[in-house]
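What follows is a set of structures to go through.
Look for chain A in each of the two complexes below; its partner is chain B in the first and chain C in the second.
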Partner chain A sequence: MIDSVKCECGHANPTETVLCESCGKPLIELPEHELLEMRYDGIARRSQRTNPSVTDRIWRFFSSVKVAVNLIIFTLLLSSVGTIFPQESTLITIDGFKEISPEEYYSSTYGAAGELYYAFGFSHTYSSWWLTLLLILIGTSLVICSLDRILPLYRALSKQQAKKHPFFLRRQRLSLNRSSFEESWNVQFLLAAKKHGYKTHEVEDAIFLEKNRFSRWGPYINHIGLIVFLIALVFRSMVPDWTMDQYNAFTEGEIRQVPNTPFYLENKKFTLEYYPNESIPKLFQTDAVLYKCTSNCDNPNVDPTLKELMTKPIRVNEPLEYDGYSFYQYQFSIIPPQLNSIHVTLRSLNLKNQQTYGQFTLSLKNPKPEYTVGEYHLTLIDYKPDFSISADKKPTSKTQNANAPGFVFQVNGPNIPAEGKKFMYFPLPKDKAFYREADLNAKVGSPVELGVNGMQDLNFATAISYLNVRTDRVLPWIFAGIILFLVGVSIGLYWQHRRVWVRFDGSNMILGAHTNKNWLGFRRELYTILIKSGLTLDERDLVNSIEQEKEISNDES
Partner chain B sequence: MNQKRWFRIVILLIFLVMSGYTLWNHFYHDQVSVTGIPKIGDPAPDFELYNLENQKIKLSGYSGKVVVLNFWGHWCEPCQQEMPTFEKVWNKFKDKGLVIIGVHLGQEAVTVKHFVDQYGITFPIVYDTSDLQTAHAYGIDPIPDTYIIKPDGTIADFRIGGPIDPDWLASTIQNNLP
Partner chain C sequence: MNLEVFSSNSLLISFFLYLISFFGFVWSIVGKGSLTKAANHTERWNRIGFGFGLAAWLAHVTFFLTRWAAAGHIPTSNMFEFMTFLAMMIGFTMLAFYLYSRNAILGAFSTPLAAIIIAFASVFPRDVEPLIPALQSYWLKIHVTTAAFGESFFAIGFAAGLMYLLRTTDYSAKDARSARAKRWLEVVLSVVMSIIVFCVLVFSFKATGVTYIFQNADASKEAVYVLPPLVGPNPSELTLSEASPNSWNGVHVPLVQAPSFMKGKDAARKFNTVIWTTVITALVYGLLRLTVARRGLGAVLSRMTTGLDPEDLDELSYRTIAIGYPIFALGGLLFAMIWAKEAWGRFWDNDPKEVWAAIVFLFYTAYLHLRLSRGWLGAKSAWLTVIGFLIVMFTLVGVNLVISGLHSYAGV
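For the complex of A and B:
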């Protein structure tokens, strides 16, 4: 196996090198009257090797720019299909309850086309395995394309020889040949070049000028940006915990766990204001308190230990933000006033000369089982939020909602037998009368009852606030990728890698110059430097005669 | 040369692993969350929930036994009616490799405890999470729902609605007992 090709200058080049890495002399036969192809400085790209193994073949496949472009076009086409109909993720589900199933939604809204769209999985294009796989393939291609080009290019550019072969110089797009020059010209030339920001390198019989080599890394920096961007996208679709976009209902006056987070959120108060004489809301606001649960989370047997984190009025476009989570005001619904909790007073049953023993708060949603009031101890034996009597004469609850709350307590305390006394409590007057609470309590001989002192003791919820809870931990990486991409693009666009080689053979001087873009700007700059160095020439003289001939023939035809 | 080959293999492997993970992730999750409701033969979605005695009960902890999952609510009439059937079946098969778990859709501890006393229920009752994650994982909408899970953790059969047919319940359990 031949690993290298030796140039006449003595340098050993990797196989398939076009221009000798050292002196620039072509190593393969090139057509006459053509300028040199300077792409990647004529280096051998890494994938172009003889006797490829399986790894090499796969590597070569991904190293192809053609493959990369095809992958990108294919991905763009597929992702644009995802924009035809709304994505499944835009169908809002509140607390896991979908208003409509996606299947039904697509078929009822878009007919047969919608059904097909759903069946083929385009309704979740951006989280689909095939799009993720395509992104990974593009990523592979980006990495391999970059590695294959950047490493040899870096090597070639970091060991450039000042003295190039005359052939190399004569075949540059900008080229100049002078048969006689003065010794002092060198000094003037180097001085002028330095003023224009060139790094100069002088060896015997040759001069090399170079500037802005870093602009060659621009494309690779933008590739790195794209890779960061792609990896972020892939992770976004693979790790569900890093992104969240859910809708939850928060009833006024209630603390509830925010699903899939360590947080509890309390809707302290919901405010709704309308524009005068209009039915358009001017403001809707949730006074929210955010808590973190430190222990006993989501355990119905024990109260959770909550630590208050922050308080904030949440309005449209003014979310509560904490640790990467945002709580946006999404919707609200005004409900018939619903009892949340009651500030009850424990008092003696004796109506004449009634004594009060103390107060406590009784919640109508998952009330606590034990209460201590003054010298009395109350145990909540049963609670029916929607009290009724079943067909088989058993107390039951018709629903989960506190429409007709009924409590059974056992009281222990002074002058009460050790096994305690039971009594009932119906907070709503209609139930109190219907189930004859006072008669029942008197019948069982309870010495106490519960009551309220007025409306101020009743705590109602009048609204449910719907919040959109979001987090996106991948977003900073996506932005980092985009910024890196833009930096790379600007480096590649606004700076040009300019190089000038000069070679002296006795009194003969050959100059060749190369840049990767903005040839006219470079020609003008080189012309200025040469004029400053004392040469007399026309700017057109720098244009290689091969190119001049071409231009003439073009003009004629 | 050898070093270069290893370098290439490592890079290609990284991307291969990423692709493999994507596919695995997708098709694994497909079974529980994407298609939604588990079907007969699917693995039963696992859960870990508190029971009335404040202990955590994990479904996968009962592998090797037939598990009957009953999703219920204290306010639901058919649930109340079918409770004695479950209690009977529980007493008949509990020593033969049967577990019945009543998953209550809601955390009304006082109400549920009283209900359990009232109906003399002795099989384990657990509370679903406050956002009913377990009920959602099984695609529960109307209650009651009853799932019978084989000793290998897959769903043998299920019934939506109630009250439950005692003959179906007993025979399905018997057919699947280890």
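For the complex of A and C:
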């Protein structure tokens, strides 16, 4: 800094400094009969300039704690108004809400108050521009107030010298004056102070005690934590890729691509349990398998190649988490049982000496076009999920639901002519009988058929599970900000920066002491140290005479 | 005896022990011996107060642990359980601060706080309920217990702040400032008294076993009144069922119907409760003013605080809040966010309960800034602790009674 004010002790202070950074002598005229304002050690702060420019004025506005408290109170009041009636964003869960506009909803449900509520925008308080603006103002205030104080304070605390000006000492809140003093007292005093954890600093004719200076950084650490938190919030709303929030349905037994992600998820089984004799549900659980597509991901004709990543039962408080993505159990619906897939066995049609060639899984939702079973190769020629014969005698499907699935395959392999043989497969026994599958296959001369070995080969879907898929890449920053905040608060509130200055002028001793918080505790500690050092005094003697006079006049008025 | 019954009995015992402890502390301050400055009067009665306070707290802990065992999950999942837990934390914090400050008056103000909260909690349904899936998380336990622990410091800060105000308000002065302070102290004390009145009313009428049931045509909706329905629901919504008595001590019920803007099956019932509580509180207050408290409730309590050092009270009240603030932020915000993220997938939902927890946090933030940076000490700071605790209580109970949200405490 170029501009500076030289103190009589020889130290060059930045202009606008109130108390010399080194010896503490006031550099400007201060009122008589007032204690020194020690909050920031009388440092020069930009916000205190006497001839402010426009930027200085803005700076002063944002660095004021009064403004900060008002901003906080405003935020608090407006947020509380937002809780009077439900927010628009929560209304979708209310029956019949879709049919009416939010405006109608508020006026019909809450009358005139509701109308006003909607008109003033309180129905979306937490996404409103004014609440956002308030948060931005608070953030600005936090940054500026911290910058305004932290650097000058750091400088002042590192420059302080042990020997302070008598004026400085006499105007501390705790101060003591003794004449006819013995030199040997020092030793006892320093010993007692060290026992109480003070760092001691002795120079000619002066003693300086200090402890817990780090606690001065507490408020700034907590504000930095808050700034991290606020910035994370802003980024969260500005960068869409960093957050995702979607709801996807997964039918039991189905592998489905999770939209907007590289994943596929299989709902192996959904479980719903109730408490015995209660209608309160105890458990919703989706047994999920997560896959990643490794090839054929965008080819509609070929099934993608999936690699299994992990298996986990997803419950309400236990999401599946993978690579920053979380899958939460959100909702479910129970559906009539639907056949999902069958584990079929390929075997010879010859009933007497039946041979089996192998097994594969046949999906009823989207069967694959080709299968290789042992030495045989099956091609799916036609599939009707809800098989029936139309008026013009052609096979059709009545619906897309697998109510009466019917397959036509072509089989190639050992002892089959090169052009292959066709055969039909009806998985459900009623259709098998009704369309006479065995007769049809025998007629076309198919050497093979498909069949199941029992119920265990049938896979039904009985529920759809709705999972909420989310990513939130800023979450670690949000939590880090809060933790930093808590650390800062604890440092600032549970430790206090305590300082004691003693100055000897011949046989006269002046003592001044300052703490940034918790004066009662400090006074008691200093009193104990002084008693231990061999002084005789009353605890009230430490109170500055200016204060004592004030108290007396207060009591009288 | 089954565990659940044993547990309820422990709570009842704890409640009465808190009251005895309260009388012990009060006697230590106003008893005959304290007037004549009899040797060791104060010490003896303090020891009695503390002893019963400790016994009350141990009974309270017994209640908590046995209920935990009976329910199979930590009992903090409905309003009754949460509030009794808060009272238990208040008991703990009170005992700890008593040991630290040896201040009987602190006991005299905190034990009734614990007792009132227990009584108030008991108005809500007390059944042990199984946990719905969203509540089955250990983060929930951590969140609820830490938040309640933080709030218990706000409660003691409130007690100390109130004591400060009673101590420093000059009841013989006539100036406008003292008059205003006296008036507002009467308001705060009447609010506390109305909670006691409310509990007494509910318990007395419950003891008679009479309820008044209003139903709609197909009995799919009903409103059950324990207090005689001076104000009934709108007859187009619900009417008094055949089985319910249609008069109370000769008064035809319902006396009047709720105004038409009060919709919803419980609005009229809540309004009825408010009327009962207000009227009886006013009667009791009037009676007290005519007999023992001619110059106001504050004047009586103020006399009890004469021996105290206001600076100590001010410092005590600040310290409790300085301790409670980060604990509350940890439990009520950080752990709440972690749990919300696990249960709902969002760390913040703007649910009314969450917003109010944030309001509590912001309020005490303002308190700290005003006190530490703007030098608000003494009365200003004490009033803030009183207002702060009212906001805490609104967040706990008011939000569930007045506004509903995702925090589905059953029965409220």
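We take it that the second predicted complex is superposed on the first by the 302 of 557 C-alpha atoms of A that agree within 3 Å, B and C clash if a C-alpha of one lies under 4 Å from a C-alpha of the other, contacts with A are read in each partner's own complex, and residues count from 1 in each chain.
Throughout what follows, a residue touches a chain if its C-beta (ideal position, glycine included) is under 8 Å from a C-beta of that chain, and two chains touch if they have at least 3 such contacts.
Please read all numbers here as calculations on a predicted model, not as lab measurements.
In the superposed model, A:Asp56 makes contact with chain B only, not with chain C.
Once the two complexes are overlaid on the shared chain, A:Asp298 sits against chain B while remaining clear of chain C.
Legend: residue contacts after superposition of the two complexes on their common chain; A:Gly445 is shown touching neither chain B nor chain C. Legend: residue contacts after superposition of the two complexes on their common chain; A:Met238 is shown touching chain B, with no touch to chain C. Once the two complexes are overlaid on the shared chain, A:Gly197 sits clear of chain B and of chain C alike. In the superposed model, A:Pro262 makes contact with neither chain B nor chain C.
Once the two complexes are overlaid on the shared chain, A:Pro337 sits clear of chain B and of chain C alike. Overlap of the chain B and chain C interfaces on chain A comprises no residues. Across the interface of their complex, chain A is touched by residues 1, 4-5, 8-9, 11-12, 15, 18-19, 21-23, 25-27, 50, 52, 54, 73-75, 77, 80, 106-111, 113-114, 118, 127, 129-133, 136 of chain B. Note for the complex: chain A touches chain C at residues 39, 65-66, 68-69, 72-73, 75-76, 79-80, 82-84, 87, 89, 109, 111, 125-126, 245, 275, 278, 280-284, 315-319, 326, 328-330, 468, 470, 472, 475, 478-479, 482-483, 485-486, 489-490, 493-494, 517-518, 520. Of all residues in chain A, those touching chain B in their complex are 3, 46, 53, 55-56, 58-59, 95-96, 128-129, 132-133, 136-137, 139-140, 143-144, 147, 234, 237-238, 248, 256-257, 259, 298-302, 365-367, 369, 380-386, 390, 394, 396-400, 408. For chain C in complex with chain A, the touching residues are 129-130, 132-134, 136-137, 139-140, 261, 263, 311-312, 315, 319, 322-323, 325-326, 329-330, 333-334, 337-338, 341-347, 350, 352, 355-356, 358-359, 362-363, 365-366, 369-370, 372-374, 399, 403.
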